[in-house]
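Chain lettering (A, B, C and D) follows the sequence in which the chains are written, and residue indices restart at 1 in each chain.
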Amino acid sequence: MAKREYSFYPGCSSQSKASSVNYLKSTQTICEELDIQLNEIPDWNCCSASIGYGGGGELPRISLSARNIALSQQAHGQQDIVATCAACWLATREAKERIEHDGEVRSGIDAALGEIGIKIEGEMPKTRHMVEVLIEDVGYEEMQSKVKKPLEGLKIAGYVGCQTNRPFGIDGESYENPKYLDKMIEIVGAEPVEKYEKKASCCGGALMFSEPEKSQALVKDIIEAAYDGGADMIVTPCPVCQMNVEVYQGHINKTYGTKFKIPVVYYSTLMAVAFGRNGKDAALDGQMIRATRLEEIAKK
Amino acid sequence: MSNPNQAMVEKYRSNFLKEVEANVEEGHWVKMCMQCGVCSGSCPLGPHWEHPPQEIFMMIRAGKREEVLGSSSMWMCTSCYNCIARCPRGLPITHIMHGLATYAKRLGLQPKTQPTAKFSQLFWSNLTKTGRVNELKLGLSLYFMNGFANGIKTALKMQDVGLGMYKTGRLNPLEILGGHSIKDTGGLQKMLKKAFEIEEAKIAEYKG
Amino acid sequence: MADMKIGAYICQGCGIGDRLDTAQLANVAKREGKAAVAKEHEFLCNAEGVKMIQDDIDNDGVNHVVIAACSRRAKTDAFSFEGVTLSRANLREGVIWVRPDTDEARETTQEMGDDYVRMACAESKYMKMPAASGEQGLLRHLLVVGGGIAGMTAALEAAKTGYTVDLVEKSGKLGGVAGEMYKKYPAKAPYDVLADNTTGEMIAAVEGNSAITVHLNTTVASTDGAPGRFSVTLATESGSSNDITVGAIIQATGFHPYDIAKLPELGGGKSPDVMDQLAFEKMVKANGGAIKKADGSDARNVVFVQCAGQRSDTEGHLPYCSGHCCMTSIKQARYVKDAGGDATVIFDDLRTPGADGEDVYRGGQEAGVAFSKGTVKGVEAAGSGLKVSYNDKILADDTTIDADIVVLATGMVPASGPNPYIAQDIEAAEKDGNADLTAKLKAEQEAPVTSILNLQYRQGTDVPHLKNGFTDSHFICFPYETRRTGIYTAGPVRRPMDAHQAIEDATGAALKAIQSCENAALGRAAHPRSGDLSFPTFRVEGCTQCKRCTVECPFGAINEDEKGYPQYNEARCRRCGTCMGACPVRVISFENYSVETVGQQLKAVDMPDEFSEKPRLLVLACENDAYPALDMAGMTHQEYSAYARIIPVRCLGSVNTIWITDALNSGYDGVMLMGCQKGDNYQCHFVKGSEMAHYRMSKIDDTLTQLNLEKERVQTYEVSITDIQRIPQIINDMEKLIGEIGMSPFKF
Amino acid sequence: MSEVIATNQTILVVGGGISGLTAALEAAECGKQVILLEKAPSVGGRVSQLYKYFPKLCFPTCGLEIQYRRLKANKNVRLLTMAEVTGVTGEAGNFNVSVKVSPRYVNENCTACGECEKAVSTEFDDEFNYGMKKRKGAYLTSAMAYPQRYVIDPRIVAGDDGAKAKEACKYNAVDLEMQEQELSLNVGAVVWATGWKPYDAAKIQPYGYDRYDNVISNVEFERMLDPFGPTGGKIVRPSDGQAPKNIAFIQCAGSRDQNHLKHCSRICCMATLKQTTYIKEQLGDDCKSTVYYIDIRAIDRIDDFHRMVKADPNVTFVKSKVANITGGADDNVLLNGVDTEGYHRYRNEHDLVVLATGMESTVPAGVLPTGVEINEHNFIELDSDSGIYGAGCSSDALDVNRAAQNATAAALRAIQVVTRVAGQEG
C-alpha cells in the first residue's frame, strides 16, 4: 500500500506544550501505523476558530484561513489539507466555501493576500478532518487489521460534539446520531455506549471562558449521560470537547455535588493503544484524569 | 458625521432590515426566516437568550434596531451549528448571529459588560499578535478582563485546571515570555489590515 | 326474446363441495327453482367450467344463468356471459365461510345454501335483459356557460377532443377575472417568479377556433332535456333568442369577490385606498405596474390583510378559506416591491400549499415582502394615509403599521344559481332545531339569485349546492359528481380555487361532459353504476300520479308530463332505484331489478315453522358498502347467524316497503336494512337513498302495529364497508333479540 | 400475457392508485382502450392503506369498491399487476413502452380460497402494513385486494414453503415456474400516476424515528386503526402496547424543509386534524393531542374541519416546529422547542409522537423520454403536446379529491392524443 500523504494543519492547540499536544502525539503515532504522512503547512497561522468573530469580523477572519490555504498550495500543491482540530477544519472549510461562492469575499481575499504576495491558485484543495481520512481513505477494515491489543471489556461513550459534526458532518453521517465514533470504538475492540443521547450536544465550546457556568452545565449533562450509559471513559475527536469535558470535572463536582472522574481521550489515543503502542506514544501521559484502564492495556 | 451608528440610521431611513442586509455577514438571509422556531429550540444556550434567533429575525423586520443590536443574545452563540443543521430554510443562523454581534460591536452598541464580546476580542488580539494563540496569555488576560481583583479570584479558582494542564504537559508557563509564533507576523498583520480596510470601507462612507 | 331457460350451475370448489350437499342444491334448483338445467362442477370458474356454461348458452338455449358459487364480487372475469341474465348464489363468502365446519352446524348451513339457490333462481326468473332506450343519439356538442379562464379552457379542451362548443358569456368580453390580472404565476417550476398574463392568448385561441361559437352578452333562458339531447334557449341582451341542442353542459360561472363594504372595521367602503385583491389587481394593471393611491399619488407602503371576512364564524362573514388569497397577496406584494415600495402581509396561517406554494412563499421573501403572523384589529385613516392596528402574534405585541394602501384579501363567493333544495334544507334545519342555520338559509332563500341554467326540471332551475353556495361534489373520490347528470361545474363555482386549478378543473369537467355524451348515446348510466343499461319504466295504468318518484329522485332526473305522469329521462337517471322504493303502488321497475326480483327472492326462502327454533332474518344490504363488508366478513371468517338471508340491493333507497310487509307476512322474524351513512356527511352513493330509506322505515311501525308485531323486528342501520366485524355482530344481535321476543307467528 | 394488444390508439396508465384508477376508468368510459399497469400485486395504492378520508371521515375502501366494480364491468381496461415500466421511447401518438412483469407465481385459476396461505409457514414483513405486521409467504394483500388473487413471495418459491403452497392448491393456480416477462407496448399516450411514498421518517434525524419506539409516522398511525391491521384497530404505543394518553403530532416532518422535501406536501395538516378525530373516537377524553405546526393548511372549503378540531378541548395547537426529540422515562419522549407565538420554551413529555411525514413523488429517473420535464420537486410538468401526462401525485402534492380531479384532466389530455391518432388513421 502506497504511503498516503496530506498537507497537515495542526492548529494552535496541538503545538508543543499546548492544550492538545497529546492529540498531536497520538495522531502521529497512528499515522505511523497506518502509513500516513502528514506534511505540515509551513508557517501556518491560527484560524481564529469561531470565537474570533467578535474581533475579526468576516473578511479578516476568512483571510486567516485563506493564508493557510495559499501556503498549503505553495508547499504541497493540491494535497488535501487535513486538520485534527474541529475548529481548524471547520474554519478552513468554511473559508474555502465562502471564497468559492461569494465573489465579494473572493476579491477581498485576493486583495488581502496580495499584500503579502501570495495567492490562491486555481481550485483550492479539499479540506478534511483527520477522521475523514481514517474512515474514507484508510477504511474501518484496514484500521481494524492493525489492532493488536483489542480494548476488550471497555465501555466507551463516543462524544462527537458539535463542530466535527455540524455543519459538514463526517462520512455522510447524520447530525443527530452520527455513528462513526461508535464504529471506531468497535473496531478497537471496545463497546460503545448505545443511545448516548448527548453524543452530538454542545460542550459550550469557546463560551467556557466567558460563560463558564452555562458551559459547565452543558458539560455536566454530557458526562452524566455517559455515566448513565455505563461508560468507563469518553472518547472524542475534538480538542475543545476533550479539554472542556475533561478539565472542568472538578469544578462541576464542586458546583453540583457530583463525583465525576471519567477519563476523556482522543480516538487517536484509543487507536494507538489498540495498535499495540506504548503509553507515551499514545500520549496517555497527557490525561489529566488518567485513563488507567488504557494504561494497563498499553503495559501488557 | 462621525457617529457610524447615527449614519446607519439615516442611510437606511430607519429600515433596519435593509441595514442588516447591507452590513451584516449573511444578513441577506434574514428575510427568508419563516418563523418556525427550530433554531430557538435547538440552541444549547437557548434558555439564556433574551431574544432567540428567530425572534431577532422578527425584530429586525419589525425595525427594533436598538433592542436587537443592544442585546446580549447573539453573544450567547456557542457556534455549535445546531441551528444551521436544522433550519428548514437553510439560513446560516450561526453566521448571522456572529455577524450581528460584530456589527453591534463596531457600532459600539453591544452591552458594555458582555463577557463573550470581551473575550472574543481578547482572543482575536491574542492570535493576531503572533499569528498563533498563546493559551496562557489568553487565559490570563481573560481572568483579568474584569479588573485585577476579579482576575486574581478567577485565577485562583482556575488554579487546579492550570496545574493539571501543566503537569500533563499541556500548558507551558514559559509562554508568558512570548510563546508560539509564526515567522511572518509582519505579513500577517499587513494582510489583516488590508482585510479590515476593505470591510471598514463598506461602512466608512457613512461615517462622514 | 326466446322462452326463458334457467341454467343453474353449482360449484363444488373452495370447500363448497365438502361442506354442502351440492346434489341437493342442484335438486333444489331444478325442483323449486325451475331450472331447466342444473349442473354441479368441481371447479366452476376454471376454463372447463366456464366452457360448460357457455356451451349450454350456445347450444342449449340457456338464457338465464344462475351461478351458485362464490360472491357476485368474486371471479367476475370468469362468470361474464353475453346476452344472458346472471344471478349469483353466494355459497362461499355468504355460507360456508361464515359458518363453523362442525357436525352440529351442517344442517343449518345446508339450509342456507338451499335457500340461496332458491333465491337466485327466483331472481333469475323475474329478470330481463336490459337494453338502452334509444332516447338519444351521439351528439358531440357541448354548452359551456361562463367565458372566464375555466369556461374557455373547457371549450378549448373539448374542441381539441373533436367536440363542438357553444360558449356563453354574460358580459361583453371573454376572460373573466383572470383577464383582469396584471401578472400571474408561471404554470411550471420555478414558481418563484411572476409571468405575464396570457389570458389574451387564450381568448384569441377561443375566438379563432372554428369548433367554438362564442355568445357574448348572452345568458341561458331555458335548459330542457337530458344528456345527449339538452335543448337550450340562449337569450341575448338585445332580447333575441337562439335555440341550440347540446349533449352536455359545463357550468363555469366563477365567483364574485366578497363585498368589502361588509368589513367597515377593516376600512372596507370607508376609504378608496382600502380595496380588495381584484380592485388592486385592476389598479396595478391600469397603471402598468405603478402602485397608485386613489388620488393618483404613488403608494410606497401596502399592507395586505389576509382572511378578511373569511375563515370566520362572524355573522355575514365567509366561514371558509378561499385557498388562493395567500398566493395572490404574495404576488401582489411583489408588484409593490417591483415598483420600489414596501409590502407587508399580515396572515394567520400562510397557506401556500403543494409543489408551487413554498416556492411562491420563498420567492416573496426573496423579493423582500415582509410577513407577519397577526390578527388585524382595525384599519383607520391617519393623516393622508392609513393605519393598520394589529396584534403581532410572534412578538406578542399590539402594534400598528402605516400604509398608503390596504388590500383586504376577501373570499370568493361562488356565482352559482339558486339552490333548488333550499326549502328542503330549511325544513331539515328547522327539524334539527338549528336556529342559526335556519336563519341563514332563510336569508339565502330571500336573497334574489338569478338562475344560471333555468333548468326545466321538476326539482328546480339550477345545480344543487353542496355548501356555502359551492356546487361541489360531496364525494372525495368523485369530484365531478353533480346531482344533475350531464351538467358539470368547474372552477370557483365548484370549489374555491386559483386560476391554475381552475384550468385543471375545467379540463376534467370537459372529459366528464364528453363522457356523458358518449354514455347517453349508448343508453349507459353514468357513475356510479357506470355502464348499466337498465332504466326505470312504469306501468301507466297503475300509476296514481302521486309524484313521489319525481320528488324523491336524488338526481332530479324525473319530470312530470302535463297529466302528472312521470317522465324518466333515461340519460339523466343514475339507476339507483330510489323511485322504485318510493312508489306506493309499485309500478316502477328496471328490467333486471324490480319489486319482483327482490320480492320473489325473499318469498322463495323456505320458512320453518314457529316451533322449529329456526328463525329467519331478512337482510337487505346495500350492494355498495354493506354487501362488500359482508363478503369480507366471509373472507376473514367472521361467523354470523345461519338464519340470516341476505339480498343485495342497489341502494337502500330502492327498498320498497312492500318487501318489508311481504317479509313479515311470510313469517320472517326480523328484517334488517343496511345502508350507508346518511345526513350531512352522507356516504350514500346516491346521495339521498339511505336517508329516504330511513325515513320510509320510520313509518313502518304502523304496519308492525297492525300485524301486532314488535317494532324491534325491523331495524335500519347505517353501516360502512369497513364494518367487517360489526355487521356480523348486529346480525347475531338480531338473532339473540328474536330469541328474547320470540318467533313470528306469521309462519304458514 | 403475450396476448396483450395495444396500439397507438391505446392509452397507457401507469400506477393503479386512486389517480391511475380514475384516469383509466374515465378514459375507458369515454370508449377508449386503456392498459392499466400496477407495480404491486393489487391496485388501490396508498389510499387503500388509509383508515378514513378527510374531511368527510368516510372510508377509502368505499370509493375503491365503486372503482373496482367499474373496472370489473369495463372491457376497455386491461389491468396488469406486478408490472413496472422500465423505459419509454417515441413521441405523442406513438410510444414504445418496455414493461417488466414480475412473476406472481399464481395464475388466473386462483379462487382466493386461501389454502396456500394455510399451508405455508415462513413470515415476512407485511408491506401493506409498513412492516408493522407479518404476513405469510403466500398472501392476499388485504380482504379488499383486487385482483382477488393470491401472491407467492419470491423468497419462498425455491424452498419448502413453495412446494407446500403448490401442493395445497387444488386448482393448479400455483405456478412456481413462472418467470419474469418483458413486454413491449405500443401506445398513443401515457398517463403517469405512480403516486407518492411517505418521506422516510428516519431521515428526519432530530426526531429520532429510528431511535425511539414511540415515534411513528402518520401512515403507520393510519394502519393502527384497521381492525385487521397490526394492532387490531387499537391506537397503542409501540413500546408497550398501552393506549397513549398524550399524543404529539409534528407537522412538516420532512416537508417545507430544504434538508428534506422543499415543497409543502399539502395533505399532512388535514391528515393530522383527521387523526385527532380517530383519537377522540377511540380514546375520548382519556387522550390529549397536541399539534405542533408552522401554518395549518386546511385549504379552502375544508377549513371548517380545522375549526371543528380546534374547538375540541382535547386538542391543543402550538405554533412551533419541534427542534428535536430526546428520550424520557417510561419510553416517553421529550419534545424540545419554542412556541413561537410569544416565545415560550417547552420541553413537553408525550407518550406517543406521530410525525406528519410528507409526500415524496415516485416519478423515476431515466425512464421517461428526455422531453418530459420533471421539476426539482420530482413532479411531472404539464406539456399538453408531450403525450405523457402526470396525474395525481406525480404532478403535484395532492389530496385524494384533487388527485382524482387532476387524473380526470390527465385522462382527457391522453384521449386527445389518441383521438388525433384515430383521426389521422381514419
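FYI, a contact is a pair of C-beta atoms (placed from the backbone, for glycine too) under 8 Å apart; a residue touches a chain by one contact, two chains touch by 3 or more.
Since we're looking at a predicted model, the values are computed, not measured.
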*Excluding chain C, groups that stay connected where the other chains sit*: one piece
*Weigh A-D against A-B on C-beta contact pairs and write down the one with more.*
A-B
_Among the chains here, which has the CA centroid at the largest distance from chain A's centroid?_
C
_Chain whose averaged C-alpha position falls nearest the assembly-wide average_ = D
*If you average the CA atoms of chain A and of chain D, how many Å lie between those two points?*
45
*asked:* On a C-alpha centroid basis, what's the spacing between chain B and chain C, in Å?
replied: 64
_Distance between the centres, which are taken as Cα means, of chain B and chain A, whole angstrom_ = 23
*Which positions in chain A touch two or more other chains at once?*
175
*Residues within chain B bordering two or more other chains*: 34-35, 55, 85-86, 89
*Sequence positions of chain D contacting 2 or more other chains*: 206, 256, 319, 324, 340, 343
*Determine which chains touch and list them pairwise.*
A-B, A-D, B-C, B-D, C-D
*Touching chain B in the complex: which residues of chain C?*
342, 350, 361-362, 365-366, 368, 370-373, 392, 394-395, 397, 399
*asked:* Considering only the defined contacts, which chain D positions touch chain C in the complex?
replied: 18, 22, 25-26, 29-31, 51, 53, 56-67, 69-70, 72-74, 108-109, 111-114, 143-144, 148, 170-171, 227-228, 256, 262-264, 266, 295-304, 307, 319, 340-343, 373, 375-377, 379, 381-382, 396-398, 400-402, 404-406, 408-409, 411-413, 415-416, 419, 423
*Could you please specify the touching residues of chain B with respect to chain C in the complex?*
15, 17, 31-32, 34-35, 55, 58-59, 61-62, 89
_Considering only the defined contacts, which chain C positions touch chain D in the complex?_
13-15, 43, 45-46, 70, 73-77, 157, 160-162, 187-190, 311, 313, 319-323, 349-359, 373, 393-396, 467-468, 470, 472, 474-480, 495-497, 501, 504-505, 507-508, 510-512, 514-515, 518-519, 527-528, 530-531, 624-625, 628, 632, 635-636, 676-677, 681, 683, 685, 720-722, 724-725
*What residues on chain D touch chain A, complex-wise?*
205-206, 208, 210-211, 324, 326-327
